[in-house]
């Protein structure tokens, strides 16, 4: 029995409502300054993403205007902004994109919007699959566990990047015939699907482990002795306890999906011009045009993504610590 | 199979002066939720060749005390005050390198769970030989031979071969024997055994207890034996210290503490313990309530919220307001007068124990 | 050990088998016809059919798969381009080169890139991570922790171009990364790969730093480590003998995964630095709907992943005597 | 709190006597996986190997033995958490050996369980109220005045504040949690409670509170207990009849008197002699009890010794013990209902013999020296 | 540095170069066809040339060679019946002469029957003499299905069909014992080759000069395998070839300079390195150190980032630089099959609205491309620099207002235009900008990506779904007869045919026939020019976009540097090490 701090329930008769583990976690989390700041940064990104149309309306530009044609005086014949620092000016806060000369500021916020939308969707899909398969495997054990385990092994052996590249056109072709336009949403859906197919295994493994450990806990047996159905046990006894690792894992996997999505767009199999996208901006940033002329452009997607990923990871650490105060860092 | 005539069990004569002397020890931990006063004003002595048994409920500070003696706490979060003298050497202020010379050499430790306390990565023999090499400057060979010898001594059959095994290849009882061998390899003067048998079955526990007693006879080691089982302590200890919420509430020789206990907490412990020869028809008499939180310990006597005798203390509110102290020799930390204690024990407690 | 190897290799073969089926199906799901690419400017249905026939695409998918397996294991003399000894992945649709030798040609690039960086990031990462754990709580620790957190959040596709811009395009300190044969000229081999190595190692090393540090700290809280200290072993000894051993397990796991997937084609890295390794080959195979090449690269990459999986598990047995291989 | 616990009056003590639970030949083997190249079952852990026992209405039946001897497995077989390999479990004459979850529904409420670990036996994400009302909800029990009222009653019965209804387990101490566990078991008004080491994780001072609580519950509500423990003193205190298990088998069973004062099986002797005792009498050492030190640990249940399973640690073992398994019988000298499985039983006493029995070679060597 | 500014001087020079090219090419006689080739002034023998190439050679089998990279290489290793001989040292004057044949071919019936006689002393690199049997093999194997990358003029002429139907003439090539009858291809003796066509093909000497019709050894024909290890006939042979990595050419001892009026053999050895990107070859050659002093790239252009430095005016650098037009012209095709686009006013609106700047931008700025007026490239006879019907040269951003007015007139404001674009980074970039400009002119543009590798197959389908799409076409020889007919002959509309607009204009069709029948190259050039202008201005089935240009650079020790207009790049045959 651990002699840790325990409020004495005998004396505290006034306050009868107990603090749930979730509430305790919330209280601990609020005390963690790094965590709170990171949460604000992360929230900032989401707000910017959500409010991108509004922001660009106020700012008066959109990410689709081809300024290289609208304002040819700002560019040379290869589409490089003639003003120094990537054409940053009071008019174009973050400068102009070499090439077609899109406005970098609006492109960035819309790009973040696209990226976050996709990554969020993948995360949700992965979490649902992870719960479904992980918890099922862990709880049912036996053959089910064996098959899900082998499926996981199998998918883990996939060279994932190569598979992404190879399967993107296939998945896209599932939605559109090769001779029709590929609407952006189809690419988005395809990106979500391919990342999801190869993205759920590690979470499922973790949840399987958690469930396996939970299954050994005596409260599960208590429910069984009372005649609870497996469904009830999963729903009432296991799932609430899976929420903790799930939340922690989710905060770690979301930024990783952001970087994977960006990587795919970087390789040219993800979102393509003119749809603004974080990763597509990297792909632009790595062209000779930018490298040779002015690398200012590179910093906007780069720095914003580093800030985002760092903040999210710090948030993840804080969430983990809040749930599990014993792990000292 | 060997049969032995029963030993009278006379304890080894006490050395002059205490080998280990702890004075007014305070240990507190800084945690997320506040400061935990795990040990709060504790003093005790251990003599060579004698066994001090420390009993107390979970969380009463037994392990912390003993880890502090060897300086094994994390200095980052821990504040230690007071005085620990081991063989005349002050340990609290000692530098890490000096502590290293003490640990495993003059004073050694046995932990509760031998499976996690032994490294899974090295052979048992190596783990036993290491401190011998370090403290005695022995060669690898010599240390290994010593390890095998120690394994034989603690009753591991076929020690030459088993020394090459890893801990996971040992059974629970054998692991604990290996731990003991490791602790004793440098002939320490002080052995701290932190609940060495709690994880073991009774039959194995009995083996280990016998082993420890016999080894003590042989080496003349002073032992601090931590447990929460009064039966075990009765079997092992020469002296007993009862701890409650970070401090000692009663101290004395085994006979004294068990036959004429003076503290309501000790009474409670004895009363709540079923025994093989106790009366079957009377229910047990548990101590009401639960152990206190060390973050916000009760004021005055730490035991007062659970004590059924506080109304008998002369001077209203003393138990709540004033902290009773432990007299230097054998005594108990309680505001009841000595007479009151004696009569309450004899008239109210003892009959229930019959 | 032998049993372990046999069992795991059998398992790996089954996985590769399934993977090749999936790749096959994936290929036929692709919305393009490789024959169209080969058919050239004057393509008509007959010549298309002809090319289909030559490539064997007119056969049923199971039949094609059977032929693929057969060739893979036994080799084949049926190819117009010449004999193809086992392991025969056939000839590339696009370049008409034998797939196996194409892959073997590209392999040194990928291996140089990966192993060169791996050596650096493993040692640098472990070193700084352990140093931070050793000096836990100090300024040094905090700097390392914060620094590695930021750097590990950078991506190759950001840091890579940045390094190229800074070191190659703007300051002209280095040449653009290139692969030069080691046997021909070790010096140019080395200089050509410096930037990719540095970038790859920086990002990975910071990840290993974080991992090594936390895993070390976790180990230091283990009870057996406390026992070792109670025996009077010095802090250094405890750190490097007791804690370090256990902290290796998660690191070996991740290292195996990283190495396996990098060796199977570091696509983004090769793409960023324009190095002609397996990763580039993989992208090309998709671009040109080059089934034999795609299958070859896919299976090769997966084999690498599986191989390192097995190696990792075998390594566990060396690190941790509790692990029994069977 | 517990001392003056008031139980609702409607529960009248039930007559003790008729069998409630009958178990015969109960066996559980766990498969051991291995083999090459395909994994298959290569052996079996003979966790429980053909045990017979009867728990009568309202009685407390104790089951003791060393770690790994199959106590918990027996308990879980009876509560149908595990599927028996062989044998028969019948409850009130009804065969429930292989009953499905649905078939068990009517008697589910009558057999409940209390667990060892107060930390893992309560779902940390549910309030006390939910935990205790869970079994009622599952079985559709709608007590008079509503479930919440019943839960508050139960909390009171087990000595907790009914106001704690909305608290979470982590806000309670170990002893209090164990009380919550008891309340949960009581929620369905069971006839039989299987208690798997319900107090061994608790401190002495708390342990007594829980033992007392269980005892009162047993007496006042007439609930039969299968009380599993390794602490012989607690079992003695709590159980009217006691069975001693060794390596998957019951080697001796009888009423409390018989087992603790007139044991016949050498293992029972050894077990009793190993219990460290506080002697409160003034006559010095507990000279009254014998001292037996067994060698080593319990052998592996994967390949248990042939014949009598205790023979490898027994000082009386002879050739016969290796070849012939002793049946569990009322051997001569035993009282009614006292059964012993031994070819060469000991005398029915726990008094010290002239010589200690020390089987442990190291101990023997040390004692020789010392 | 900015891509491609301040290049106007060079532009002028390029245009002058190109102007000279319009002078027609003469078909040489036996005297013109006699070797050895004229010596390059100042040339020395010996040394090793470093050749830095981005793309590896996918094909070495002559029958498979069509693209310009392999074409450049082929000038060194493969020989056919005819070839282009430089008439000046500037790369701008050429005549077609007999290469392995004694002259550029003789016809007595205006181009229906052509007779060639082989020179003496011509051998393959394995030492076997070249006979007419080898040529029969060479031409017959073109009908086999594995030959699918090379040109198809000759096959079509022999079979007298369009498209790919020619293969029916000899489906398995010569490999199953069947051969072309003497009524089509006659080889009466080991030295004589006679072609019999059903219709006149005065262009045959041009066609036979293509690398795709260079000779293949009958004895050494290894079918598919020949593509990796062919026997050569030129001054160099292949010592080693590692696809994707490197290649070494060494002197071919079986090549006799006396038989070759076209090629020189100065350098001892050529070491090729592949996978060298444009910016790398540029940088290496600019650095001009060590082996790179003798370095060159046959096909890599100077990359956009370095172009201003190269053209910056440094005299030493200028001496190492060559520049010129490539034979390609870009265009945006308008799908004439779609009913909405059959309205000429709509097409006019498209032509006015279409911006050229995005395309120039995407290809690297003004040094890589310039606004095109017609479909005929500056390197082809019939080019007219002043032709600019849509005002693109003055206003390359397009004229949205005019387009909108036209669209309004046609009552088609908001017309949906499906724009199929090549899914490459450049394609994505310029298509987006073009779409934006067309939208501004009142169109509703739907962009549809098409995988780059199958782009032409997709847009080449007669029933494709796209309304507009880009394409580029280069002349196979310096006559518009390889531009206008393939692109605009309405009778050849078929899947895969390069008539991407699916235009079928009866006047254009008859004009094509007329121009094709003209055997005088000068007159025919004028006819093509007129037809070109008619198509651009009046038919408007496509809008010309850009003329492709390129700038190349070599190391300081490389001599004989000339930009050859026919090759469309540096002429490898004249190079020597200083």
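Some points to look at:
In order of appearance the chains are A, B, C, D and E, and numbering begins at 1 in each one.
Here is the rule we go by: contacts are C-beta pairs under 8 Å (C-beta built on N, C-alpha and C of every residue); 3 or more make two chains touch, one makes a residue touch a chain.
For clarity, every value in this text was computed on a predicted model and none was experimentally measured.
Any chain touching subunit A that also touches subunit E appears here: C. No other two chains have as many C-beta pairs in contact as B-D.
Separating the CA-averaged centres of subunit D and subunit E is a span of 93 Å. The mean-CA centres of subunit B and subunit D are about 30 angstrom from one another, to the nearest whole unit.
Here the CA centre of subunit B is 55 Å from the CA centre of subunit C. Inter-chain spacing, taken between the CA centroids of subunit B and subunit E, is 95 Å.
Contact of a single residue of subunit A with at least two other chains is seen at positions 1, 6-7, 10, 169, 178, 283, 291-292.
Residue positions of subunit C with contacts to 2 or more other chains are 31-32, 169. Contact of a single residue of subunit E with at least two other chains is seen at positions 279, 305, 451. Here subunit B touches subunit C in the complex through residues 70, 72, 76, 96-97, 100-105, 108-109, 111, 113, 116-122, 127, 130-131, 134-135, 166, 168, 179, 182, going by the rule given at the top.
Chain contact summary for the complex, subunit A toward subunit E: residues 64-66, 68-69, 72, 75-80, 82, 99-100, 169, 178-182, 268, 272-274, 283, 287-289, 291-293.
Within the complex formed with subunit D, the subunit A residues making contact are 1, 6-7, 9-10, 13, 16-21, 24, 216-219, 221-229, 232, 236-237, 240-241, 243. The residues of subunit D lying in touch with subunit A in their complex are 76, 79-81, 101, 104-105, 108-109, 111-113, 115-118, 120-128, 131, 134-135, 138-139, 161, 163-168, 170-174, 176, 181, 184, 188, 201-203. Those residues of subunit C that touch subunit B in the complex are listed here as 136-137, 222-235, 241-242, 245-246, 319-322.
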